[in-house]
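Okay, so subunit A shows up in both of these, paired with subunit B first and subunit C after.
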Partner chain A sequence: MRRNDAVSRLVDLLSSLKLTLLCLTLLIVLVVACTLAQVNLGIHLAVERYIRSFIVWWSPEGSALRLPLFPGGGLVGGVLLLNLVFAQFRKLEWSWRKGGLWIVHVGLALLFIGEFATALMQVESNIAIEEGQTKSYSEDYRLMEAVVVDETNKEFNEEFGIPDSLLMSRREISDPGLPFKLVVRAYHENAMLSRGGGASSPVNAGVGVGMSIQPRHPVTADGEQNSSVAVVEPVLPDGKSLGVYLLSNALGAPQGFIHEGRSWKLALRLRQYRHPFSLTLKDFRHDRYPGTNIPKNFSSLVRLKDPAAGDDRDVLIYMNSPLRHGGLTFYQASFGKNDTLSVLQVVRNPAWTLPYVSCLLVSLGLLWHFGVMLKKSLAARAA
Partner chain B sequence: MNIRWVLPIAAVLSASSCREEGVTRTRVPKAEATAVVAAEPSHDHDREHASGPKGVRWTLPAGWEEVPGNGMRLATWVPPGGVKAEATVVALPGDSGGELENANRWRGQIGLPPTDEASLTAARTVFSTKAGSVKVYDFRSEGEKRTRLIAAVLKTGDMTWFFKLTGDEAAAESARSGFLTIVKGLTPDAAK
Partner chain C sequence: MSPRRLQTAVFLGALALAAWPGLSPAPKADYDFETFSRLPVLEGGRVKPIDSFARNSLLAIRSKQTVLVDGKSLPATRWLLDAAFKPEAADTYPAFVVDDPEVLGLIGLAQDKGRYFAYWQIEPKRDEIQTQAAAADQVESARRSRFQSALLHLHGRLTLYERVKNTFMLSGQGDPVQELAAFSALLPTALKAFHSKNPTNKDRVVMKALSDMLQRFNFLAQAAAFKALPPKAGAPDDAWTSTGEAMANPTGGHDPHPSLASFALMGRAYRAGDAPAFNAALQEHVAWTAKIRPDAARSARVEALFNKASPFISGMALYILALLLVFAGWATRRADVAAAARALAWAAFSVHTAGLLAHSVLQGRPPVTNLYSSAVFVGWAAALLGLVAERLHRRGFAVAGACAIGFSTLLIAHHLKSTGDTMEMMRAVLDSNFWLATHVVTITIGYSSTYLAGMLGIAWVVRRHLPLKPDLEASKALASLAYGVIAFSLLFSFVGTVLGGIWADQSWGRFWGWDPKENGALLIVLWNALILHARWGGFVRERGLMIMAIFGNIIVSLSWFGVNMLGIGLHSYGFMDKAFVWLSAFCALQLALMGLGMLPARFWKEPRTNP
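Our next item is the complex of A and B:
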């Protein structure tokens, strides 16, 4: 009996309108706080910390302590979704007359589910292509990868990508395809490299010999780029070292070694996502209104070649008219090099259709509901 | 009302958000494998100036300006007249990966396919300077709006010096003469 009371109280709470209002208020506060936080954190990190988290944490200046400050968007959104579902099943009458409201609620629930799916599955990257250039990969904005490349074959390279999350969490990294393990001596998300003062550095091979590493706080603001540094040591199964290398995306020069006739290269770079198709930039246009420098239009004419799908065609990508291909969406994002370079944002989001379906359902539901109310009103007037 | 189904869903969401990434393996055709390393970073004015290695001195022609380097870049030379081109100076220990590797990296930066040792030798011009023999490569991208990259490589002792002029074709052409004048005038640094 007591248990049933507890469950009833919980169900009452989860289906209450007060909880709805509380969640909506918290969401408003989160959106305002997130918007203000973008000034210092940049849009990506601000959204991660405030909207796509279950708890907003706060650390006192200079302390490693993390204190829970506020419910995050994930928690508030999740409670709101539960609230919506409970209220619907508990309070909404199951009848044709209320059918419109049922559809509206399903549409809203889909909107929440879509945002959760996006937070979990969406991957964003970009392609910077110069006119005449062809690319079949995009690069992450922030995430890095160490890459070990076997260049021995004359036709192709074998690339082993090691994500920065592994460089940060593992002491040793191995792969069945590599004849050596990679010992991670150090990894810095952001660091300043300079010449001299590196006498105590363990680096003894490659271009990083004699360089000193000064760790810096990672930068997160939009348009800023970390100079990440990894100090790695390829070690053979018998324990023999092949040298200690300093890798950094701030180093342009290639470096590597030859081991048992196989040529290996090492680098640290922005994480690359390979695609089974290529894009060639044929023309980038930066149109302005006549007599002014006010932009009128940005567009990229690209050649899409996808042998597997039998696609070989020109596509014009411009503002609000992206290219959708292979589960990816390519948006016109930026440009450079005197209008000869185009930057396309590449988004992989398996849940991208959910907001559209949601909006469609809400519209249909409202039309249904207003139609029923109109009919009722007209019938009352006629009577 | 049974709410036990909430727990498995929460567990799945937590597990999926905490999954560990692994090593990826990709086979990349040579023609597409020009970007093993990232392009050199652009200017970032809040970085500290690097204390560059000694070994080489240069004199700028009239009108050219030198901007102190940052990070791995030792200096930037800016041509006169607002020309949209700039030259950079970088010095690295050893052979820094070799000339062919570096040349292919530069070619990749302007959208050109990799070349081979024989073609690179044919494309090479060599100047004698007081600091040593300088090898110069001149690459132009394809397409209507072309980018030009002129790179000069000098080896001194255990260091390799890279001087690189980049800009659109017309700008690089107007800065080329001044750039080569600087390169031809390289001298050993007495302070070394």
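Our next item is the complex of A and C:
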């Protein structure tokens, strides 16, 4: 009996309108805070800190302390979603009169679920293609990967990618396909490299010998790029070292070694996503308004080849008109090299249709509900 | 007079008053300035009348559409003509507004000489300004000091003026007709000289003369502020050229653009003060343009007429008159005054509508494309809503709110004009009439209705502190109106926000990016939802609803203008700098009104039974 009491009290709380008001207020505060924080943090970090988190933490300047400051967007949104669902079934009557509100709330729930799904599942990357070039992979904006490439075979290179999350969390990385394990001696998300002064550096092979590493704070501003540094050492099963290498996306020169007749290459680069199809840039256009430099349109004419889907066709990607293919969406994002290079943003977001459905439902629901209200009010005036 | 007839009379009278500036004949002058101001030119990516360019340039340079010379106000087109053909005169007009004391110090001018200065006063320090501006330009815009921003701003205006001076002919240099004739005469001999195997000394002199000339034309082609020569028959529609471009063009010599001669003649005549010759050359160019490019000529004529009629200025005046009449109606409690006020408000709204439609049609876009047109539209939609709401409760509140918002938004739009061409071309991602028409219009209607609800809230609060006869019905009517308007706001701001997300999904690959503009829109939705839920739950009643509605004014203003000021800091120059002060003052006023509304009952003038 007492347990039931507790449960029903919890259900009461979860379905209360007071909780709705509290959540809406907290959400308003979070949105304002996130907007103001963008001035200093950049949009990505501000969203991570205030919206895509369960708790907003605060670290006093110069201390390692992390104090919970405020509920984060994830928490408030989650509670609001629960509140919505509970209130719906506890409070709202099943009637034509309340039909509009039902639809509105279903639509809102979808919108919340969509935003959660996006936060969890969306992967963004980009493809930079020059005219005439063909690519079948895209690159991440921020995340790095170390790669070990077996270049022995001229026709086909075998690649082993190691995401930066592993480089940060593990001391050793091994793979059945590799005759050696990779010992991670250090990993810096962002660091400045300079020649000389690296006498104490453990690096003893490759282009990184004698370089010094000064760790930096990871960049936050949009469009800035970390120069990440990994110090790795391939070690044979018998414990013999094949050298300590310094890898960085800021270094262009290839580095590698030959072991038992196989030629290996090591590199750190932006994480690549392989796709089962290829895009060839046939033409990039940058139209301007006559007599000005005001851009009118950017467009990329690409050849899409996907043997599995039986696709081999031309596609024109331009502003407000992306290509959707294979669960990915390709947008015209940027350009360069005197208008011969096009950069396409590639997004995988399985939840992209939810906002469309939600928008439709909420609009209809609100129209319905306010229509009923207006009718009632007019009838009361007439009476 | 019966109320109906009175209303009709007021309405038609107001419309006639508003139409007067557009219909009135031009003041008598020897020169045909009116026709010159309607000439089509290509600038900023679109064809517009010289009038629009001249007004916008003078607005940028002097913050006014006219310049005061010897106590007489000179229209923008006259200023442009003087700058282009008689620069020695235009250089003495006090056309540059310079406020910054440090910039004045750099130029060596004292602040006590007023704030308007002539080009000749600044010219001695022109090189210094150029050097300093180049240095300031290296600094990221958010980090510039007040001096650097002000200096860059002045440099930009000086450059614009110098371009105007070098649009038709090299600034103040000789007789353009002679130059053109000399060029045509020189070209055949010079070409022959170029092809001769062993050039004589005379050949070299001729070649040198031609290359000097071409150098001047090339400079002119670079410097021109706009392209005044329409494309010849058969050329692409956007192949407009400036005088310099047409001369430097290889065909310039043997198949010259027919209007080159017209403009040269106009220039000579204007310099010589020969009005009939000027008018004749002008007519020749007009006739040729009308024949070859009739569409451009017509659209420029219509736009110039729109500029002249300035419907938004008349609208502003009518709104404020209507508002005063509403107050008079409340004070006198006379039904005929209230009826006249309503008729006047409808007239103001009609003029506003005409202006909005004309602007939209001229630009070939849905009504909202930039900050300027958003201000015009916010006011329009709020006025419409208010006038319709007035029909539900005829107490004058909604119509007063409509007039107040209509007037203030048109005033804001008027001040936003100085930021540039109000019919500017839309940058790539915005070049989508579909999304401009759906997302932008919907969200802007959301702004309008939230403001209207806020105005009703203000009316409710102010009424309680006025010595009125107790009228519970009126307060109730206001609250129920506000409630309906808030519901309307929620619908439009939500749909508008989500449509914006869908547009973002179509163009950038993310539905929601939490960027400042999106967050601003979301705040309006959240706030309206909060008000309605608080009311449904009984947590607030009439008073709470009205006070929350007033806070809606702050939210919309921050979302509309505040986010544009984010990161700009207080160092920015020009409109946003002043706007920041006004925005802060507006928000403070709203907070004060909310405080007034929250005072306990014994402070009210109007006795009340329930809170």
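Everything below uses one rule, namely that the second predicted complex is superposed on the first by the 354 of 383 C-alpha atoms of A that agree within 3 Å, B and C clash if a C-alpha of one lies under 4 Å from a C-alpha of the other, contacts with A are read in each partner's own complex, and residues count from 1 in each chain.
As a convention for this text, contacts are C-beta pairs under 8 Å (C-beta built on N, C-alpha and C of every residue); 3 or more make two chains touch, one makes a residue touch a chain.
Not measured: the values here are computed from a predicted model.
Judged by the touch definition given at the top, the superposed model places A:366 against subunit C, while subunit B stays out of reach.
When the two structures are aligned on the shared chain, A:157 is found in touch with subunit B, with no touch to subunit C.
Contact with subunit C, but none with subunit B, is seen for A:20 once the two complexes are overlaid on the shared chain.
Of the two partner chains, subunit B is the only one touched by A:249; subunit C is not.
Contact with subunit C, but none with subunit B, is seen for A:124 once the two complexes are overlaid on the shared chain.
Of the two partner chains, subunit C is the only one touched by A:291; subunit B is not. When both complexes are overlaid on chain A, the residue A:240 reaches neither subunit B nor subunit C. For subunit A in complex with subunit B, the touching residues are 7, 10-11, 82, 86, 116, 120, 129-137, 147, 149, 151, 154-163, 165-166, 169, 173, 175, 177, 192-196, 206-207, 209-210, 225, 227, 249-256, 265, 267, 269-270, 272, 274, 283, 337-340. Contact residues on subunit B toward subunit A in their complex (touch as defined above): 1, 3, 6, 13, 16-17, 20-30, 32-33, 35-41, 44, 47-48, 50-53, 71-72, 84, 90, 92-94, 96-98, 101-102, 105, 110-111, 141-145, 147, 168. Across the complex, subunit A is touched by residues 42-46, 227, 238-240, 392, 425, 427-429, 431-432, 435, 480, 484, 487-488, 490-491, 494-495, 498-499, 501-503, 505-516, 519-520, 522-523, 526-527, 529-530, 533-534, 536-537, 539, 563, 566-567 of subunit C.
Within the complex, the subunit A residues that touch subunit C are 17-18, 20-21, 24-25, 27-28, 31-32, 34-36, 38-39, 43, 46-47, 51, 111, 114-115, 118, 122, 124, 288-292, 294-298, 319-322, 329, 331, 333, 345-347, 349, 352, 355-356, 358-359, 362-363, 366-367, 370, 373-374, 377, 381.
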